[in-house]
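In what follows, structures are represented as structure tokens.
Heads up, the next two complexes both have chain A, just with different partners, chain B and then chain C.
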Partner chain A sequence: MAGFKLGRDSERARDAVQDTSQSQGDFGEESLTASRRGFLGGAGLAALGLATGGALPLLGDTAEAAPLNLPPALPQGVRQNAILDALPGKKPLIKLSYRPPNYETPIEYFRTAITPTDAFFVRYHLSDIPEIDPKTWKIDVGGEGAAGTLQIGLDDLKAMPAVEVVAVNQCSGNRRGLFDPHVPGVEWGYGAMGCARWKGARLKDVLAKAGIKKEAIEVVLSGADGPPFDKTPDFIKSIPVWKAMEDTTLIAYEMNGAPLPHLNGAPARIIVPGWTGTYWMKHINSIKAVTTPDKNFWMAGAYRIPLGKFPLVARFVSQETAVNTPITEMVVNSLISSHADGAKVKSGTPVGGIAWDGGYGIQTVEMSFDGGKSWMPAKLGEDLGRYAFRTFSLPVKGKGKITVMARATNAIGQTQTAKLIHNPPGYHHNVIQSVSLTVA
Partner chain B sequence: MRTVAIAALVAAFAVPAFAEEKPVELKKAPGLDKVEANCAACHSLDYVLMNSPYPNAALWDAEVNKMIKIYGAPIEDADAKAIKDYLAKNYGS
Partner chain C sequence: MRVMNRKAAAHPARQVVRIAAAMFAAIMLAVLPAAAQPRDEAPEDFPQGANRDDTFYACTACHGFKLVAQQGMNRRQWDESISLMVSKHGMPAPEAADRDKILDYLEAAFPQRATPSRGGFRNPFAQ
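Entry: the complex of A and B
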């Protein structure tokens, strides 16, 4: 056990490769162009490289003072200080903090079911993020809930049966910055999420090599990143054995058809489809089956939600207390991404975005063009699986200034909340969004 | 001495892998030196900016206490008080 560094981190980031085979959702080119203008204005847009259709100009590493059009509900300190900044290998993203790096994806990248890898958000808890040589990198597999121990490297993982899954990776605290009243933490807007096609070996196949005992109740996950100071709890997470054994829970080494970028967890990370990003351990280097609940700070003291407040199905029973429970699956949610708040559109222009949930699948998305008085079903885009973003759109109706809303419902009847379910850590924000548009 | 120790720690460990971190300038006011010497050892100071100005003094107290008690930040009592006062006065509600 000695020898490998206990570090980790976590929530995750993601990327997605520009996949031209993915549709642009259901938005026509005209609406895309118009809305891109609406989003950032001419200069900002040019800075992002979107106005000209994709390729980013070489701007250097930052594009400061770009008009970010951040939500008014964010803390003033975010609105005044967030900037567009490019991490290595990434497009300019919205920088909330440099160290550890917390960068969110601008809304305009959420018009497709797959999020481009180079626009995929980056989230770390702790700032010691080592370079890793994939040739010598190994995962230690064992724990008292396993019959044996082993070490596996990248070639070993790739030699195992490969599985691909398209899945949303969303930070538990996505939209925390929109909480009213505000709660402390990374003050995310809408972009601490992304959806990618992940490829890797099944976690259960790796556990089977070590031999998992029937007394095992949790699988403890740790990565190579860690705190800059040894008194700070290293980022370590566990998942229940039943979730670890699901066919789509992976040790992924590819994202959108290419090796994982360093900032999204290379050489390999855990993929837990349906569950929030906190469990998607990056730079994974230790996997232990255990027979008692893991008590480390990041399980016992963080990432917990009050019992009974959210309509969730998946439970993490071994970690529940009388008052709270670990966050598990994502709540059903949607985002209007075709147009920025305040944009001008022509009547009949497709307006829409993406919807997702904790893995039951999106059943319907309804839209309202009159501030919630009347609702109509939107047209859903391509189905990339129950863990993926699902695009939706509807031609806009009305005249003058209107309020557009979207409300997603999943296959088990869960829908978005009209009123924020406030909780101290600022998780699970799925309030129905309102966007103001002016229809000509 | 503690400040010196933390500064050494920053030099030794806190170099970000991505390098492009730019100085985050907070308001010049009494206590800023303690904030820079202690808080910045583990995280960039934009954490303060994004979490402002909504916290009241009690919330800033709780945040600094969390950094010490939960995250193990080695901040001496006098420095902790100076940091709390600075944050409440300059980045509080």
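Entry: the complex of A and C
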């Protein structure tokens, strides 16, 4: 198509927009309200009794848009427009965009190793999200790297040996909004992640039914969601065959003991424990073994990190170039979630959060109560497996205003970075966090 | 959905967008009780400025304007962003004069920010 003129096409885009905004009320006014109260109302979480593991009174089930405060490091556009908003079946989450839906989980939900399904973040690249009838839904399995083809439905999947794995699903760009200088993308804060118990069939068992050839190098994954505009590349990802064949790489139909919610990928999605969320294809409807590297935009043109900058082990060799590589496993990371910055706490109160990595397992989390001068090992919580969030805490020491930090180390000795490792797409933010508390 | 897109290929491209947006709305409406519908956006939700409405409509065929408004970039970076939309995401290239208008608005409304904090991670509850 030749160039388009603003006027004419604007009319049409306007129609499109109007079609999506059929509800009354004025989102605009709410988002632009000058005097807004922070959703924490200035009170520390501890003061609200949240640190003791009680229910979360702040977030009701109402879909009413509530204003909230976000860290000053986030771009102004995020802070100006961010509201809590409930998608179907979800608690109010932090809305980054509605079309396509990109919603992150508020930090209060990261005090447990399992993230509640109704607070689990939502991420889509493309806004054409179909309704799917699980009774007629099928996955096409095949590709030139497979001996045959087959179609597999939900009942077929459920009839296969079921595997459960607790694993963190984290968006590659989690914390992108904290990059300085700014990098464009969805400007996530801390909540583009979650940890759930996933249940499904092994991808390798499904591939075995089709018969995988020894020449196969990648498995190409595609889901039912697509672009609203047919010149926009569909969201398609591939993973190396070795990762596809791991015992924990699943086609999951359950999340935390219930069927997957639509916005998290129903009827089934791919689970790639240890690797960033980009490979966890939702609404999966096509699985193809291939003998040449997949060249589509979302592999060749996106989700790439500079070679050699990050201390990673898992490689995706068939996709590597001289300068970059597809993102693979998550970097070791932690989040202090028990207390708000500036909270007042009694000496001895447990302070902590969660730690995770790319699947080697959290070995230690050290905490500092003096801004990083001295470090002590924190007490680790229940071990739900090497792909899961691991909780940690330590009774706070000191007096007056102190700076609390946490630093996780995994089983292969990788640890968090003190200084941001800058990269153009804004991935792998695992800078050591610091929180100031006043100890009475 | 695929069927929809294929069928719509015969129609003007914008029609596809219109239909898809309507379908997305229909899906969201179908699952949501009427009172709990998250609302989509209008140009008035964003900072005032020359060419705001035209920019809004030029940039909202595929995604909401919130995705645009959450960036803070200089003119060169905004220009790169438009080039990316055209070369990678299939956006029809705007004519030069229109591109300038769009850039004028984006640069003024969502400028490169002076970062309040140097040095990475800030506490989620700070402020």
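The criterion applied here is as follows: the second predicted complex is superposed on the first by the 373 of 440 C-alpha atoms of A that agree within 3 Å, B and C clash if a C-alpha of one lies under 4 Å from a C-alpha of the other, contacts with A are read in each partner's own complex, and residues count from 1 in each chain.
Everything below uses one rule, namely that a contact is a pair of C-beta atoms (placed from the backbone, for glycine too) under 8 Å apart; a residue touches a chain by one contact, two chains touch by 3 or more.
These numbers come from a predicted model, not from an experiment.
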item	value
Partner chain(s) touched by A:Gln433 [first = chain B, second = chain C, both, neither]	second
Which of chain B and chain C A:Pro233 touches, first, second, both or neither	both
Winner by number of chain A residues touched, once chain B and chain C are compared	C
Partner chain(s) touched by A:Pro100 [first = chain B, second = chain C, both, neither]	both
Chain B versus chain C as contact partner of A:Thr115, first or second or both or neither	neither
Contacts of A:Ala224 with chain B and chain C, given as first, second, both or neither	second
Touching partner for A:Asn169 - first (chain B), second (chain C), both, neither	neither
Chain A positions touched by chain B in one structure and by chain C in the second	62, 75-78, 80-81, 85-88, 95-100, 127-131, 177, 181-182, 184, 186-187, 227-233, 262, 297, 301
Residues on chain A engaged by chain C in the complex (per definition of touch)	1-7, 9-17, 19-23, 25, 27-28, 31-32, 38, 40, 44-45, 62-63, 65, 69-73, 75-78, 80-81, 85-89, 95-100, 102, 107, 126-131, 175, 177-178, 180-182, 184, 186-187, 189-190, 224-233, 262, 297, 301-302, 336, 339-343, 419-420, 429, 431-436
Of all residues in chain A, those that touch chain B in their complex	61-62, 75-78, 80-82, 85-88, 95-101, 127-131, 177, 181-182, 184-187, 227-233, 262-263, 297, 301
Chain A contact footprint on chain C (complex, rising order)	1-2, 5-6, 8-9, 12-18, 20-25, 27-32, 34-42, 44-45, 53-54, 57-58, 60-64, 66-67, 69-73, 77, 81, 88-95, 98, 101-102, 110, 112-113, 115-127
In the complex, chain B residues that touch chain A	9, 13-14, 16-18, 20-22, 24, 41-44, 46-55, 59, 63, 70-74, 91
